[in-house]
Amino acid sequence: MPEHTTYAEAVNAALRLLLSEDDRVFLAGEDIGVYGGAFGVTDGLVGEFGEDRVRDTPISEDAIAGLAVGAAMTGMRPVVEIQFSDFVVNAMDAIVNQAAKLHFMYGGQVEVPMVIRAPGGGGTGAAAQHSQSLEAWFAHVPGLKVVMPATVQDAHDLLLASVLDPNPVIHLEHKLLYKTEGPFEPRAKIADTPARIGEAAILREGSDLTIAAYSIMAIRALEAAETVSDFGIEAEVIDMRTVKPLDMATVRSSVKRTGRLLVAHEAPAPVGVGAEIVAGVVESDALDYLLAPVRRVCGVDVPMPYARDLERNAIPQTENVVEAARELMKS
Amino acid sequence: MWTIRRFEEGVEELFSYDLLHGTMHLSIGQEAVAEGVCGALADGDMITSTHRGHGHALAHGADPELMFAELLMKDTGYCRGRGGSMHIADVKNGNLGANGIVAGSMTIASGAALTQVMRATGKIVACFFGDGAANEGSFHEAINLAAVWDLPVLFVCENNQYGMSMSQDRSTAGGSVAGRATAYGIPGVEVDGNDVREVHDATADLAERARNGAGPAILEAVTYRYRGHSQSDRDLYRTQEEIEEWRSSKDPLARYEGWLKESATLSDEAIESAREQAQDAIRLAVQGALTAPDANIGDLEGAAYA
Amino acid sequence: MPEHTTYAEAVNAALRLLLSEDDRVFLAGEDIGVYGGAFGVTDGLVGEFGEDRVRDTPISEDAIAGLAVGAAMTGMRPVVEIQFSDFVVNAMDAIVNQAAKLHFMYGGQVEVPMVIRAPGGGGTGAAAQHSQSLEAWFAHVPGLKVVMPATVQDAHDLLLASVLDPNPVIHLEHKLLYKTEGPFEPRAKIADTPARIGEAAILREGSDLTIAAYSIMAIRALEAAETVSDFGIEAEVIDMRTVKPLDMATVRSSVKRTGRLLVAHEAPAPVGVGAEIVAGVVESDALDYLLAPVRRVCGVDVPMPYARDLERNAIPQTENVVEAARELMKS
Amino acid sequence: MWTIRRFEEGVEELFSYDLLHGTMHLSIGQEAVAEGVCGALADGDMITSTHRGHGHALAHGADPELMFAELLMKDTGYCRGRGGSMHIADVKNGNLGANGIVAGSMTIASGAALTQVMRATGKIVACFFGDGAANEGSFHEAINLAAVWDLPVLFVCENNQYGMSMSQDRSTAGGSVAGRATAYGIPGVEVDGNDVREVHDATADLAERARNGAGPAILEAVTYRYRGHSQSDRDLYRTQEEIEEWRSSKDPLARYEGWLKESATLSDEAIESAREQAQDAIRLAVQGALTAPDANIGDLEGAAYA
C-alpha cells in the first residue's frame, strides 16, 4: 500500500482489512462483486474473499438493509452498500424503524452492529435522483450514527471505527472525493484505527472565524481558508467528520476564540445539519462571543439540475465559502 | 393452545381494567398456527413475529409472566417495558421479536437465515406475517432474496382473511399468498390453519427442506380472528354471522380436543386438567407480573445506543 | 356543523368539502373506507361519495404515494392517507425522488398537486414504530411543503390550502389532537380558506420571551405561557403552522421585541425543525437582540418507549416548557 | 428503429467529444421493444420510461432535436437542461417521463392509469421497466394495486438479461418476469424482444384488453444490450462472444429489414432511403440542438416549486 493513495483505495483497503481480520464481516450490495461497485470501491474483493463474503444482491435496497439488520442481530458484522445514497429511500423502514430502534425497543436484548456505506453528493451530472446529500435525515433518528469522512485517511479509519461500533452506522462517502489523493497510512489491525466516532478534527487553526464543515465541504473550506488568508483573514477550519453525534465542544470552543461562525455543507440549508451546528452553538454560552450573525453556505434549495453550469451553481463551491467568509468579517 | 387463548383472555381482562397502555392485537382463534409451526421447529431454530405476536412468543417458549410484565410496563418485562405488546422479543429462546411494521420482519428473517448459512448452524428461521403483509414491497424483496440465495427461512402467512378491514379478495391480486410462491420458483403450501396437526406436518416438511439447503418456502395457514383488529375495531367490515360460524364450527382448540378424544390420545379428564393447568399458569403469571417493579424511568438518555 | 367541534371532525369536514366541490379530488389509503380510518377521520365519507372517490388500498404505502404522484401528474387532486406517519418510510421514493422532484426535473412540464395526510406523534402507548414525528425529513427536501396544524380551525383551513397548492404537500396531524375541541367555522367553498401555507400565527402576545412551536407543542406552549404569566413572565407564543416554508419574519420580529427565544417540538432536537428556526434567527440581525442563549424543548433522543411514565418522560410536556421558560428568564 | 439507433450513436459521438455531462444509458440492440410497444399504442395513450429511455421517447413521438438539446444542456431541451438523459419527459406526447430510479415509475404508471379510469378516457398507460426492476418492492406494489383495481396499464419488462452486472438468473428467483404475472392473476406474455412485429402484436392484444377494463398485464420482451450498462462499464460480467452472437445473428434492425425484403413489403431502395432519412434526421437534429441557447442558469431559486 503506497504512502499516498485515493479516497476510494482507502475505503477498499479498510474493507479488505475488515474481511481478512473479522470473519463476522461480509459485504452485500448491488454490483459490488465482479463489477467492483458503481465507483470501483469494492474492486478485487470478490476475487480475494469469494462470493460468500462479497455478495452481489438483486436490485432490492429494502432487502439489502433488512438482511443487514437480521444478520447483525444474529452475530454477523454486515457492511452493506447502497449504490447511490439517493436509493436509501427504498430502505428507510429497515434503517429507521428496525436497525435504529431494535436495541432500545427490545429492552437491550439485541445489538445491531451494521454499517451502511453509500456515496452521496453532486457534481457528476447525474441530476436530481443521483446527487442528494441526505445525512440530515439519519442524524435526526435516535439510534443511528452518521459518519462522513472528508480525507483519505479518515475514509479508512472511520470505516474501521464504524464496524467496531455496536450500533448501526451510516457511512456516507462523497462521489467527487473517491478520486482525490492524500497521505495514507493503512492500519494493520482494525483496532489500530485512531478515529473515534463523534470527534471533530481541526484541519486549520485560525483566529478570525470558525468554519465548521464536513465531507467535501471540509476540503473546500480548507481551500477557501488559504485564499482568504491572502486577504489577511485567518479561518479556523473544523471537519466535523461525524454528524451524529456532533462534536459541539470543539465548535463552541473555537467560536469562543474567533467570535464568528460559518457553517458549510452541500445539502440544502433548511433543516440541515448546519442548522443543528448553529443551534448547538447559540444554545450555549458561546452565544455571548458571537460578533456577527452566523452564516451558512449550503446547496440551493432545489433538486440537483443536470446542466453543468446549473449544477455548479446549485452546489456550494470554494468561492462561495471565500465570499461568505469575507462578508462575515465585514459584518 | 389453551395457554395462548387464556393468555389473550388475560390481556383482555387487564385491558378492561385499564391496566395496559396503547392497544392490543389478539390472536384468539388463530392459536393453531403459532402452535403448529413452532411445535415443528427444532431446538435453536428462530422465529420473527408480528404485531399480533403473543401466540408466536408463547408457542416458541416465552414465559407468560415476563410477557404480562412487559404489557404491564414492568422492569422485568421482556423489553423492560420499552416495547409493549407489539414488540415482544425473547431472543434467548430464538424469538427475534414481534414487529409493529407490517412485513417489517420479513427482510430481517432473510438476514437471520443468511447468518445460519454463513455459520453453517443447521438452524432455520420461521417468519410469521399476515395476509395483508403480502402486499408490501418487503414481502417481495425478502422472498426473492431468500429464494435466489436458497436461505433457510420458512415464510408463514397467518391468513386470517383480513388486513385490518380489508378482506383478502379486495387487497390481494391472485387471491392466494401460497400461490405467489410460483413467482419465486419455491414451494407454496396452503393448509387449514385451524388444524394444528396439519400446520405442524406441513411445517415439518418445509423446515426439513430448508434445513437441507433446498431454500425457502411459503406456508399459508388459513385461519380467522375472533376479536377486532385491535381494541378500537367496530367490526363494520364483516358480519357477526361470519364470526359466529368460525367460532362455533371451526375453533382450533375444540377441533384439536375432538381429535384427542376420537383418537383416544387423551382422556376427557386429561384434557380437562390440561385446560386447568393453562388457566392456573396464566393466573399465576398475571399475579407475578402485577407485583413486579415498574419500568425504570430514570434511564432514557443515551439508551438508544448499545 | 357545530360552532365547536373536534380536530378530527374539522379534517373530516374539509375532506367532505373537497370531495363535493372538486371532482378531481379523491382519497386513497388503508382502511379509510367503511373502517373510517385508524382514527375515524374519514368516517362516513365512503358512504357519501362511494368507493370510486374514497379508496381503500392494499397495505402498500409505496403504491399509495406513487399512485398519488401519477394521478396528480395527469390532472387529479389526490389526497392520500398514510395510516401512521411512521409508515412513510415505505413511501420515501415516491415522495422524495418523484413527487418533490418531477416539476423541476422535467423542466416544468408537470405539476404534482397531491396531499399526503398522516397522523404523527406519541402519547398513545403505541411505542417506537407508531409514535414518530418526522417533519424534519420532509422540510429538508426541496419541492415539498410541510403543514402541521395545531388548532381545530387550522386543521380544516390548512388542509384546504394544501389541496389548493400546486405542489406536493405533507399534511401532518397529531394523534392526540384529533379529539381536542375548539371553535370552528366550516368553509363553504374551498377557496374561502383564509389559511396561507408559510404563514405563522401569534397565539399569544408577550414581551418577555418568544416561544416558537407547532402542532401539539403550540398548544402546550400556550398552556405554559398562561402558567408562567402567574410568575410575571409574559411569553409570546408563535404557532409556525407550516414548517416548510417557515415564516421566519414573524419569529425574528418577535425575538427583536422579546430578546429571548425558546423553540419547542415533539421530535428529538438533533437536526430537527427547531434547529432551523434557531439558525434562521441567529443568521439575521435578530441575533443582536438576544439577551440569553436560546433554548430548545424537544423529545428525548430515544425511540418512543411503551411504558406510560417512560413515554411521558420522552415527550416534552407543558411543565417542561414552563421550566425552560423560567430558566431562560433567569439567564 | 433506425432513428433510435442513429440517435444513440449520435449520443455516443457527442459523449466522445465530451459535449455531454454525466453518464448515458444506451438502448442500442433493444430498439424493437420501444418501437413495437409504442407503435401498437393508440393516440393519447401514455408511457412511463426508465433510465434507458431514449428509445421509448423517440418511439412515442419525441423530437430528436429537443432530446439532443436536453443532453447538450440547452434551454430548448425537453427539461430545459434540468433533467438530462435519465429524465427526459415529453408530456405533450404522453411520455410521462424517464426515471432515474429503478422501478420508480411503476407506481406512477398505476396512478396515471387510475386517472384514465376515473376520467373514463379510454386511454391506457404502458410502463417500461427492466428485468432488474422486477426485484424492487415497487414492482410488486404497483402491479398488485393495478390488478386489484383493474387499472389499464401494461407493464412492459424490457428484459436485456442483465441489471447492470447482475444476470437475471443470479438476481431473479423463478427466472421469469412474465411468469410472475400468475402471482397477481393477470396475463403474463413473453415475446422475442428483437422481433418488432411480435412485440407489436402482443402489445396490441394486451392493450386492447386493458382498454376494455380487463385490467393490467405483464409483457416481457427478451432482448439484449450491445453497449455497457453506462459509459463506465468494463463488461466484466459477460463474454465478448455473447455480445457478438446477439449483434451478428439477432439484431432487431437486420431482422426487420430481412422480413421487409422477404415479404416484399419494401424494396431494397426503399429500405436504403429509410435508413438515410434516419441518418439525415439525426444529423439535422444534432446541428439544430448544438446551436440552441444554453440552459438558463439564472433561475434556480424557488424553481423547485410550481
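Chains: A, B, C and D, in written order; residue numbering restarts at 1 for each.
Note that a residue touches a chain if its C-beta (ideal position, glycine included) is under 8 Å from a C-beta of that chain, and two chains touch if they have at least 3 such contacts.
As the structure is a prediction and not an experimental result, all values here were calculated from the model.
In this assembly, D is the chain whose CA centroid lies farthest from the centroid of chain C. The centroid of the Cα atoms in chain B and the matching centroid in chain D are 44 Å apart.
One simple way to say how far apart two chains are is to compare their mean CA positions; for chain A and chain B this gives 40 Å.
With centres taken as mean Cα positions, chain D sits 36 Å from chain A. Annotation for chain B: residues 79, 81-83, 87, 99-101, 104, 135-138, 141, 144, 148, 170-172, 303-304 touch two or more other chains. Within chain C, residues 57-58, 60, 62, 86, 89-90, 93, 97, 100, 104-105, 127-129, 142-143, 301-303, 305 each touch two or more of the remaining chains.
Interchain contacts join each chain to each other chain, per the touch definition above.
Residues 20-23, 70, 73, 79, 81-87, 99-104, 132-133, 135-138, 163-166, 170-172, 232-234, 236-237, 294-295, 297, 300-304 of chain D are the ones that touch chain A when the two sit in their complex. By the touch rule above, chain B contacts chain D in their complex via residues 135-141, 143-144, 147-148, 170-175, 179-180, 182-186. Against chain B, in their complex, chain C makes its touches with residues 30-31, 33-36, 38, 56-62, 86-87, 89-90, 124-130, 300-303, 305-311, 313-314.
Across the complex, chain C is touched by residues 46, 48, 77-83, 87, 89-92, 96-97, 99-101, 104, 106-116, 118-119, 137-138, 141-142, 144-145, 148-149, 303-306 of chain D.
Residues 26, 52, 55, 57-58, 60, 62-63, 65-76, 78, 90, 93-94, 97-98, 100, 102-113, 142-143, 145, 166-167 of chain A are the ones touching chain B in the complex.
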